[in-house]
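Each of the next two complexes has chain A plus one other chain: chain B in the first, chain C in the second.
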Partner chain A sequence: MITQFLEASQNKWTKVLIGLAVVLVLCFLINVALGSVTIPFESLIGFITSGSSGQASWDMILSNFRLPKAITAMLVGSALGVSGLQMQTLFRNPLAGPYILGISSGAGLGVAIAIFLGFYLGGFLELSGIGRSWLLVASAGAGSFLVLLIISLAATRLKDSITLLIIGLMFGAAAGALVSILQFFSQAENIQAYVIWSFGSLGSLSWSELYVFIPVILIGLLGSVLLSKPLNTLLLGENYAISLGLNIKKIRLLIIINTAILAGTVTAFCGPIAFFGVALPHLTRMLFNTSNHLLLTPLIILFGSGLMLIFDFIAQLPGMEATLPINAVTALFGAPFVIYILLRKKNLNYAYQS
Partner chain B sequence: MSLLETRSLSIGYSQKTAPQKVLQKDVSLSISPGEIISLMGQNGVGKTTFVKTISGLIPKLGGEVYYQNDQLEDLSANDLARRLSIVLTEKPYSHNISVLELIAIGRHPYSNWMGVLRAQDKEAIDWAINETHINYLADKKLYELSDGQLQKVMIARALAQETDLIILDEPAAHLDLYNKIEVMTLLRNIAQKGKGILISTHDMQISTQLSDKLWLFNFNEPVQQGAPEDLILDGTLEKTLYLQDYGYDMIHGSIHIGMPENGTSVALEGPEDVLFWTNQALRRNGIKISQSADTIISCSQREWIVRSSESSQHYTSIGELLTYFG
Partner chain C sequence: MKGSRFYFLAILIIAGCTPPQEKEQSTGRTLNTQVKFARKFAVEENAIIVKEPWPGAVAPISYAPDTPPQRVVVTSTTHLAYLEMLGVEDRIVGFPSTQYITSPVIRKLVNDGKITDLGPDGSMNLELLISLAPDAVFAFDMGSESTTLDKIEESGIPVFYNADFLETSSLGRAEWIKFFGAFFDKEKEADSIFTSIVQRYDSLKTLAADAQNQPTIVSGVMYGDTWFLPGGQNWAAEFYRDAGGRYLWENDSTSGWLEISFESVFEKAGEADFWIGTSTFNTKKELAGQDTRYTHFKAFKVDEVYNYNKRLGPTGGYDFFESAYTRPDRVLADLIFILHPELLPDYDTYYFQKLP
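What follows is the complex of A and B.
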């Protein structure tokens, strides 16, 4: 009798996941085809299957701009989504997200130091192209890694997860203050460079950066799939999780490292993309009505990738030359969507006890 | 063979700066298959500390804890999760999972890293659901359940964990009488299947009517154990729970809420059920019941007659009767 139930739900979810995957492929094709230059569908298929769309300029656009951006968008969407989910479950807090432990603040501080202090040492603004972007990646990565290190040390000592959350918030505040001090003593061009970094960008990654970005995010996503089962036991509360044989300190550390890898890498390469990581887990739970991590993790990976492709598509509306900052688009279009669904569902019962 | 045995166990807290705070020492207790045992004592006497110590959440201060033949320290977290399951008063953090998903989480110590359920996992879940009679709830979400239903689901989850010993913390808290009786019957049936059940409770019905044994924790005194009836008759229960001042009614197993007596005393006669409730109403109003009193109340199903030397009056309800005494 249970077998019946289980099979029915398994069939249902397999269909949902396959459906989502199909939608994701469509989003990907639309995202790649449309932009300042529209590439016909047949040419696009030709490019994917045989490596040539028939026009050299289209090939160039696709391989150097559209494909890297679409791949980046998918990985960023899924990475921020699953790390947000992990933080929300670990800290039992609906407002938690990938950056709750101060990872983006650490990255921001790293970048600020590179830009503002770099100005005095040799000049950040003089660096161009590849050199400049790798410097940003390295400094943001170093900043978030430092935060990860401190938070992990705290995590092995603390019994209580909520205390950890407060420590993370304090870090964010302190790092933010240091960034303001640096800004205060800097010149306009440097401040502008920093502000532009903080807008976030999906389109700035070259293939040489993607060769690092793709494997790291994929490893992080694999980790999040592996952590789904222990995360499920945390749905019952920490005491129940421990009684089920969960080593809470070890799992907590693994979750933090996993989140830091995902969110830290995204921030290092694309800047701090806010909102998405907090909102996507809620959106997924509401739309698919489940909190089971064994389902939520794959759902968020697929749904997050697709949604980020759509946001990226909006950010660069066809026919327009300029691209809106991705940070603005995710919040501008995401927030009303979340509010609409919340009002329709009346409360947060879908995720938390009322 | 006992499922759990403590030998000269000391429990309490060790602090870095202050000396150890010992709550109980020399605790030697054991629980066998099929037994329901209630752990009782006043707040702060160490019941929760005891439960946390035997479930390995906090270190013991001395002595030994054995699960069958294995020392607690020798068991890995996963091994222990196959010996001991718990039902707490705290509700699950997320209510957006189905009953089936929740019970499946009980298979955590057995399933692989992806949580894929094998045939024996499904059997265990099926058995747990049948045993607790919650088949009709299987595909409901937790937020759709009443408190009583949720409690049965949490017990099913513990059953799915297939442990010989189950510890429950106040299993009937927040439950109405009907659901409480259902949960108690359920626990009785589970015990009959050969499981050991340890309940930490303040509930007199659970401890005295459901349990085979009581473990009574006292401040500065050794732990007392025995059949609930023995501990009631020799006054140990009354002493442990500090009920002397209120008077534990040994015959009915209830506590009298003491009201200062107002000097009036009456004698009572009539059928047992009416007598019992009339008695309770009078005592609540400070009237002493004494068979040698001059005023006599004769009760029958629908009539109360108060006879004194001067008068005789009829009443048709206890509420009316009480007006006689102002």
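What follows is the complex of A and C.
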């Protein structure tokens, strides 16, 4: 009986995952096909089959702009969704997200320092031959790494996960204050550059950055798949998990590092992309009616990738020259969707029951 | 003006600000200034009228200048340039963010302690300002400055709103020297300076009109994945046209800045002959380091990328944003030299230079 039931359920989930993968491929193709510049369908087919769309500028747009952007969108969507899920489960808090530990604040502070002291760094950069885009990535990465370090240190000492939340919150406040001081004494152009960074962007990565971005995010995603089982145990409550033989401190540290790699890398390359990481786990749990992390993690990877491709598609306002910041789109279109599903489901408790 | 590039953000914070409307009825000096190009101010027999003192203002403000002010605070680097041209820069006693001043004459006044730094732009140190006892404050209000300016007025120091940044034509903007001329009783000087600027501008424009070809121009850089470039009615676009170039967004109706996706810009301007105005990027290597996709532009490949960074202050302030608005003739000459070097054989650019 039980094996029969398991098999049926396995079949069902395999079908769901394959279905999602097909939808994802469609989203990917639509995202690449449509943008501000109208490229005819035949040229697109030509580009896919023979590598040339018949016009040099279109080849350049497709291969150096739309393709990197679509890949970035997928990785960002899945990375933020998965790290949001991990944080929600770790803290047993529906409001937790990838940035709850202060990772984006640390990254923001790093970037603010780099931008506002940019004039002094300019000469150094020219000498060392590092491009300015890498400077931002490095400073955001350094900022989030620093936060990660302090949080991990705290995590090995503290028994209670909730205390970590408060420490993360304090970091956010302190980093935010430092950023405002830097902004206060800065020139308008630099404030503009910082504000635009904080809007987030998916299209600013070129291939040279993707060569770093892709492997790091893939490693992080693999890590999160491996962490799914202990996460399931954590859902039962920390004390129960300990009694089941889970080394809670070790698992907590691994989860924090995994989240920091995913969310920190995304923030370093694309800026802080808000809302998505908090909302996506809820959406996935509610749409697919499961709280099993072995299923949720792959579901979120596929669903998050597809959804981010759609949001990016909206942000590009196809056919128009102007674009919207991705942060605005994720929240504007995501929030009503979440509210709708919440109202239909009437409560959130299911999420923290195994 | 430093703030003008920050306009699109400033506009977001424009609240319904209604500083007290001044209607001074004193018997001032008799003024004799003719305004030809500027649309945002006028001079009558004994009144200077600022028609739109801040963006979206509904009522004009009229000032009746009495004795010329002797101790003034100004708030924008462009004001410094007007005062320096009129030879009254020694009356400046305070300025916000003096570190960004590039003019050597005014820098010397700062270093000698004649001009006090009033703290950051937009949130000046009011106590310090009042303690300087200025008899006039020339200020601009792009929407967020009004609370500070209201406080200054409450303390009895007259605030004069300068709206030069709202002018849409380059000569109209430069004509604001007459606004300062009227206050400082330097009307004749202002008039003759402005007339010579107009004459030079017109003769340069005529020269460029004879150019054989009209090279295409792209401008601006990307922030994140969005390209910021001047709208078709922007101050910059007019210069490109008058210099005998074809700005690829000249048919656009925006007077501010456009935010456009990279692919649209590339499709339209990938083959543009010139790329003028690269924000804070001072070398081609820096541009390529920020985003390798910049290197696919024809202007980048054939080495025709220019920026307005020839004159930088000691801490990175751009002289271009300080004095270019008052000297449109210089900007035009620079651009003509870039687009059509054969028309100005012995010229050397003042603000612009080719990115190395």
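One rule holds in what follows: the second predicted complex is superposed on the first by the 324 of 354 C-alpha atoms of A that agree within 3 Å, B and C clash if a C-alpha of one lies under 4 Å from a C-alpha of the other, contacts with A are read in each partner's own complex, and residues count from 1 in each chain.
The definition used in the following text is that contacts are C-beta pairs under 8 Å (C-beta built on N, C-alpha and C of every residue); 3 or more make two chains touch, one makes a residue touch a chain.
Just so we're clear, the structure is a prediction, and the values are computed from it rather than from any experiment.
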Which of chain B and chain C A:Met60 touches, first, second, both or neither: second
Touched partner set for A:Ile242, first chain B, second chain C, both or neither: first
Which superposed partner A:His282 touches (first chain B, second chain C, both, neither): neither
Dominant contact partner of chain A by residue count, chain C or chain B: C
Which superposed partner A:Val37 touches (first chain B, second chain C, both, neither): second
A:Arg252 touches, of chain B and chain C: first, second, both or neither? neither
Chain A-touching residues of chain C, taken from the complex the two chains share: 2-3, 5-6, 9, 97, 100, 120-121, 123, 222-226, 258-264, 266-267, 270-271, 279-283, 285-286, 288-293, 296, 315-317
Residues of chain B that touch chain A when the two form their complex: 55, 57, 76-82, 84-86, 88, 90-98, 100-102, 105-106, 108-109, 111, 113-115, 117, 122, 125-126, 129, 135, 138-139, 143, 161
Contacting residues of chain A [partner chain B, same complex]: 1-3, 5-6, 9, 89, 92, 226, 228-229, 232-237, 239-240, 242-247, 285, 289-292, 294, 349-354
Chain C partner contacts - residues on chain A that touch it in the complex: 35-37, 57, 60-61, 64-66, 69, 118-119, 122, 125-126, 129-134, 184-185, 187-189, 191-193, 195-197, 199-204, 206-208, 271, 316, 321-323, 325
